[in-house]
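See the structures that follow.
Look for subunit A in each of the two complexes below; its partner is subunit B in the first and subunit C in the second.
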Partner chain A sequence: MTGALRAEWTKARSLPSTGWLVCVVALGMVALGLAVTGTLRVDECGDDPCVLDTVRLSLAGVNVAQVGAAVLGVLLVTGEYATGTIRPTLVSVPRRGEVLAAKVAVVGVLTAGGAALGVGGALLVARAVLPSRGFTAEAGYPDSTLLHDLTQRAAVGTVLYLVLVALLGVGIGLLVQDTGGAVTLMMAVLFLGPVLALFVSDPDWQAWLHRYAPTDAGLAVQATRDLAALHIAPWPGLGLVAGYAAAVVLAGGVVLCRRDA
Partner chain B sequence: MEPSLEVRDVRKTYRGVVAVDGLSFTVRPGEVTGFVGPNGAGKSTTMRLLLGLDAPDHGEALVDGSRYGTLDRPLTRVGALLDADAVHPSRRARDHLLWMARSNGIADRRADEVLDQVGLAAVAHKRAGGFSLGMRQRLGIAAALLGDPPVLMFDEPTNGLDPDGIVWIRLLLRALASQGRVVLVSSHLMGELQDTADRLVVIGRGRLVAETAVPDLLASVSRDQVEVVTPQRSEAMTVLANAGATVTVQAADGIVVEGLPGSEIASLLGAAGVTFVELRRHRASLEEAYMELTRGAVEFATADEDAR
Partner chain C sequence: MSAVLAEWTKLRSVPRWIATLVGAAVLTVGLSALGAAGGTTDINDHPNFVTGPDGDPVADGFGFAHRTVTGDVSVTVHVTSLTPTGARADRGGPDRGTVVPRTPWTDVAAGITLKDGTEPGSSYVSVLLTGSNGVRMQSDFTQDVAGTPSADDRWLRLTRTGDEVTGFESADGVEWQQIATMTPAAVPDTAEVGPAVLSAPAVYVARGMGGASMGEHPESAVATFQDVTVTPASDGTWRGTAVTMPITDDLIAMGAAEAPSGPVLTERSGTYTVTGSGKVGPQAPDDDVVEAALLGVVAGLMALICVGALFGTSEYRRGMIRTTFTAVPRRGQVLAAKATVLGAATFVLSLVAVVASFVVAVPILQDSGMAPPAFPTPSLTDAAVVRALVLTALFMTSVTLVALAVGMLVRRSAVAITFTIVLVVLPLVAGTVLPGTSPRWLMYTTLAGGLATLRAKPPTATLAEPWALIGPGAGITVVLCYAAAALGLAWWQLRRRDA
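This part shows the complex of A and B:
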C-alpha cells in the first residue's frame, strides 16, 4: 500500500496541471471571496435588522474552487486513460483496490491542502476588508474568527466539501474514463441543481432541489446565520454529499477492478 | 525457482471476437524467445493476459508459476514493454521511472541507472511529450529494466528505432538472455528475429502454429535444396528440370534446385557442358520458414472451416 501511495503522490506531483489546479482551489477561494466582501456595503443590505451571513459570503469562492477540485480529481484518473499510463500503473500495482485507495488519498490530501489555504486566506481577507465596508461589531458583525463555533464549522465544512467534490471527480473519472465527458458530467453534477432551482417555479420542487442537489446540500455547512431557513441541516447536508461521493467512488472502483485495462 | 512465462490453454474474446484461442506455450530462461505472428494474431493480447491487465475467459497465464496479480513487487519479477506511447507527455522522463520505482520499493537511483543504460541520461529531465517514437521506445525499455527482473517481455521493441537502435536492442536482448533471464520478444517481422532469437513461438489467429528452436525450423524448411550460381541459367534450368528436379529462379545468376542431391547436380551440369561458379546447400531465411509455417496454418484453418 505504501508503494501505491508513493507512486500516486509522485505521479500527481510530476504533472504541472496538479499544481495549477491546487492553485485554482486556493486562489479561487480568496479571489472570489475578496470580490464579494470587497463590494458589500452594510447600508445597502436592505433588511432591517440586516442579517447578511458575512462568513458565508466570505467563503463564496467555493463556487470557483470546486471547479478546480472537480477537475483535479477527474484529471488524475482520466489522464491515465488518455495517455495509456493506466497500463503501467496496473502493471506496477496489480491490486487495483490499492490503486484506487492511493488515488483517493492523494487527491484528498492535495485538495484539502489547497482548500485549507484558500479558506484561511478568504477569512483573513474578509476580516481585513469587512470592517471598512461598515460590518463592524457595533453594527452586529463581530470579526469572523475561527474561535467562533459556527465560523469554525463553515471553514472546516468548506474544506471537507471541496475534498468530497474532488473525490466525486475521481469516481466519475473512473466511470467515464474520457476527460471531456467526465468534466462535463462533473459540471452538470455541480451546477445543474442550483441552475434548475432558479428556473423551477414550483416551490416544492425548488425545495427538493435545494435539499438534494450536491452543491446546495453540501454548502449548507457554510451557514452561520438564519439556520432555520436552511433546506437541509449543515452536517447532514455535507453527509449527503459524502454519501454521493462514496457511492460514485465505490462504483468506479468496481468498474476498475472488473474491467480489462 | 526457475523464472518462466507460461500460457495454459488460454482463450480470450473481446465482444465476441476471438483474440486468443486455446493457446499454450512456455518460455524458458537463458534464451531469446521470439513471439511471432501476423498483425492481429493475438501477441499483444497474450502479453496483456500475462501481465494481468486483461483476464482470460478460460485457462491461465502464469509468471514464475503464479498469476501476475498475486506477485509482490511485480516489477522486480517481470519487466514489460507493452506500448511505448503509454507515457504522460507532460511528465519528465525521470519522473516516469521514479513513480514506477517507488510503487515497488525500488531505489530512486535505479531510474538514473536505466536511463543511462538505454542512452536517455541526457534527456532525463525533459518532458516525454517531446520525445521521438524511438526515444519513447527506449524509455519503455528503461521502465522494463527498472526492477532488474529475471523475466522480460517486449512487444515490438524495434518499432520506430533507427538502425543503430535496432542493433542496440539485439545486443541487449542477447545479453539479457545470456544472464539467464526469460526473454520474450514479439515481432510481426521474422527477419528481425533472424539473428536474435533462439526459439520461436509462432501464432496465427490466436492459435499456436509452432513452438520450435530456430535452427530446427530453418533445417526443416531448407531440406534437400541446393543453390546453383551459374552464368548459363536457362541452360542449367533445362538440364535439371529434364532430370526431374524442381527448379526456381532465385537471382539473376542463381537457381534453387529441389529433388536432386548436390553431387548429381554437379555431374549432370558437367555432362551437359554447363558451367557453374558455385554449388551449395540452400539455407532458408526465417522469413521463408515463417511463410511456409503460416501457409500451413491458413490451409489448416480453411480445411477446419470446410469440415463444419
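This part shows the complex of A and C:
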C-alpha cells in the first residue's frame, strides 16, 4: 500500500496541472470571497429584519474552488488513460483496489490542503474587510472566529465538501475514462441543479432541486444564520454528497476492476 | 473549400462527437419536456388580473368621475394638480429593496377616460397627464402613444367622432395639439366619460441568497380638475365610481390589499377633486412560457461545449494538427474552416432542438397551468417566438465556437471545457448569492447574458433569473463579441506559435 501511495503521489506532484489546480482551489476561495465581501454593504439587504450570513458570503469562493477540485480529481484519473500510463500502473500494482485507494487518498489530501488554506485565507480576509463595510459587532455582526461552533462547522464543512467534490471527480473519471467527457459531466453535476432551479417556477420543484442537487445540499453546511430556511440540514446535506461520492467512486472502482485498461 | 471538406470529414468520422452532438439535442428536448411536466402554476385559478377586450390579462383599477353620453362627444378638462397620497408620499426612500421604475403603464396619472361602463376590463380610451412619463394617450390596455413630456398642469381633450377617438393637449386651453387618433375595440355608442385618476402599486424587488422576492404596495393619488366641459352639453350629474379589480380571500391571504375606501369625487364651485388607486394596463405575468419550454438548453449547451473544445484540442493531442497544416499551410484558413463546419452543424442541431423543445414542452406547460388567459398560447409564427428560438440557437452556436477557439488557444480539453462552462454558469450562481447588488453587470460581461435570448417577453427586474434583467439583443451581442474575440485571438496565436 505504501508503494502504491508513493507512486500516486509522485505521479500527482510531477504533473504541472496538479499545482495549478490546488492553487485554483486555494486562491479561488480567497479571491471570490474578497470580491463578495469587498462589495457588500451592511444596508443592502432586502427584507427586514434582515441579517446577512457573512460567514457564508465570505466562503462564496467555494463556487470557483469546487471547479478546481473537480478537475483535479478527474485529471489524476483520465490523464492516465490519455497517456497510457494506466497500464504500467496496473502492472506494478496488480491489485486494482489498492490503486483506487491510493488515488483517493492522494486526491483527498491534496484537495484538503488547498481547501484548508483557501478557507482559512477567506475567513481572515473577511475578518479584515467586513468591519469596514459596516458589519461591526454593534450592527449585530461579531467577528467571525473559528472558536464559534457554527463558523467552525462552515469552515470544516467547506473543506470536506471540496474533498468530496474531488472524489466525485475521481469516480466520474474512472467511469468515463475520457478527460473531455468527465470534465463536462462534472460541471453538469456541480452547476445544473442551481441553474435549473432558476428556470423552474414551481416552489416544490425548486425546493426538491435545492435539497438533492449536490451543490446546494453540500453547501447547506456553510449556513450560520437562518438555519430554519435551509432546504436540507447542514450535516445531512453534506452526508448526502458523501453518499453520492461514495456511490460514484465505488462504481468507478468496479469498472476499474472489471474493464480492460 | 477543400479545407472545409476536410474539417467536415474529421467532425463526422468521430462517432463519439456525433453521438454527443445528437445527444445534446436529445438532452435539450428531453430535459425541457421533463421540466415542463414538473412545474405547476395556479395563477388562472387565483388571478390577479381581469381579461381585456382581446382576452389578454390586464389590470383595471382607477377613480372615475363619469356621466353617460351617447354618440359623438367632446370632453375638455384642465388638470390643475396631481398629488400622490399614501404610501408613496410617506416613503422617503426604498427600505425593502429596489423600486421597479415606473413605465407609462404603471405611473400615477390623471386625465379623461371614455369607457364601456365601469366594469373592470372593458374597452376604453384615455388621455392622461402622468407623473413622470409626460402626456400619454392609451387605449384597450395595449396601445400607448406619447404626447409632450410635460409634467405641469395641462389641458386635455378627448373627441369622439363615430368609432374614432382623438386626444388633444394644450398648455393654456387655447392652442391645442393633437396626440393621436385611436379606435377602441368595443366602446359602444352609449358610454361613460369623465375625469379619471390612477396610481399603480409600487413594486419592490429584493434579491439575494438564491432568489428574488417581490412586494407590492397599493398607492393612491388625488387630482383636481377645473373647466370640465362636455359638448354637446348633456344633462345628468357626475357620479364617482372606484373601478376595482375583483379581490378574493385567496388574494388577500397572499398579501393583496383592498382598495382604500372614501369618496371618489367631491365638487366645490366648479373644481372636481378625484381620488384614485390602481393600475390600468397590461398585467401579464413576467414568467415566460417560451423560456420555460427551453429549460433543457443549459444541459444541451454543456454537451455542445464539450464537442466544440475537443474539435479544437484533439488535433493537438494526436499530433494531427501538423498533418492538417501541411495540407493547408494557411492556418487562418484552417481555423475558418473549423469554425464554419462546427458552427453550421451546431446551428442546425440547436435550431432543431429548440424548435422541438418548444413544440413538445408548450402543450405540457399548458396542461400544468401556464395556459390562457394568464399565458396566451405562443405560436411558432409569433415574431417574438421566432426571435427567441433563432437567437437561442445562435447563442448555443456562438458559445460552442468560443469553446473551439479556447481549445485551439490552450490546447488542453480540460481547461477549454471548464473555462467555457464556468463562464456560462458561474455568473448565474454568483448572481443569486450576491445580495442587493444588481447582477445586471455580470449579464452584460459574461456568456451567461446570452440566456436572455431564451425569453420572448421584455426584460424585467422582478424575476429570480438574472438573465431576465437584460434584453435578448444585449444578450446575443455579448455572446457574439466573445465568439469574435476568442476566434480572433485563436487566429492570431495560431499564426504566431508552433503547432
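Going forward, the second predicted complex is superposed on the first by the 259 of 261 C-alpha atoms of A that agree within 3 Å, B and C clash if a C-alpha of one lies under 4 Å from a C-alpha of the other, contacts with A are read in each partner's own complex, and residues count from 1 in each chain.
In this text, a residue touches a chain if its C-beta (ideal position, glycine included) is under 8 Å from a C-beta of that chain, and two chains touch if they have at least 3 such contacts.
Only a predicted model underlies this, so the values are computations on that prediction, with no experimental measurement involved.
Visitor: Applying the document's definition of touching, compare subunit B and subunit C: which contacts more of subunit A?
Guide: C
Visitor: Looking at A:A4 after the superposition, I want to know if it touches subunit B, subunit C, both of them or none. Which is it: first, second, both, neither?
Guide: First partner only, subunit B.
Visitor: Where does A:L147 make contact in the superposed view: on subunit B (first), on subunit C (second), on both, or on neither?
Guide: Neither subunit B nor subunit C is touched by A:L147.
Visitor: With the two structures laid over each other on chain A, which partner does A:G180 touch: subunit B (first), subunit C (second), both, or neither?
Guide: Only subunit C; A:G180 stays clear of subunit B.
Visitor: Quick one: classify A:A137 as touching subunit B (first), subunit C (second), both or neither.
Guide: neither
Visitor: Kindly classify A:A228 by the partners it touches after superposition: subunit B alone (first), subunit C alone (second), both, or neither?
Guide: After superposition on chain A, A:A228 lies in contact with neither partner.
Visitor: Per the contact definition in the header, classify A:R87: touching subunit B only (first), subunit C only (second), both, or neither.
Guide: Touch status of A:R87: first partner only.
Visitor: So subunit A touches subunit B in one structure and subunit C in the other; where do those two contact lists coincide?
Guide: In subunit A, positions 17 sit in both the subunit B and subunit C interfaces.
Visitor: Which subunit B residues qualify as touching subunit A in the complex?
Guide: 14, 48, 51-55, 68-69, 71, 73-75, 80, 82-83, 85-92, 95-96, 98-100, 102-105, 143
Visitor: What residues on subunit A touch subunit C, complex-wise?
Guide: Interface residues on the subunit A side: 17, 32, 36, 39-41, 44-48, 52-53, 57, 60, 63-64, 67, 71, 74-75, 82, 178-181, 183-184, 187-188, 191-192, 194-202, 205, 210, 215.
Visitor: Using the touch definition from the top, list the residues of subunit A that touch subunit B in their complex.
Guide: 2-4, 6-8, 10-11, 14-17, 79, 83-85, 87-88, 90-95, 260-261
Visitor: Which of the residues in subunit C come into contact with subunit A in the complex?
Guide: On the subunit C side, the touching residues are 16, 20, 31, 35, 38-41, 95-97, 204-210, 213, 287, 291-292, 295, 298-299, 302-303, 305-306, 309-310, 313, 317, 413-414, 417-418, 421-422, 425-426, 428-430, 432-437, 464-466.
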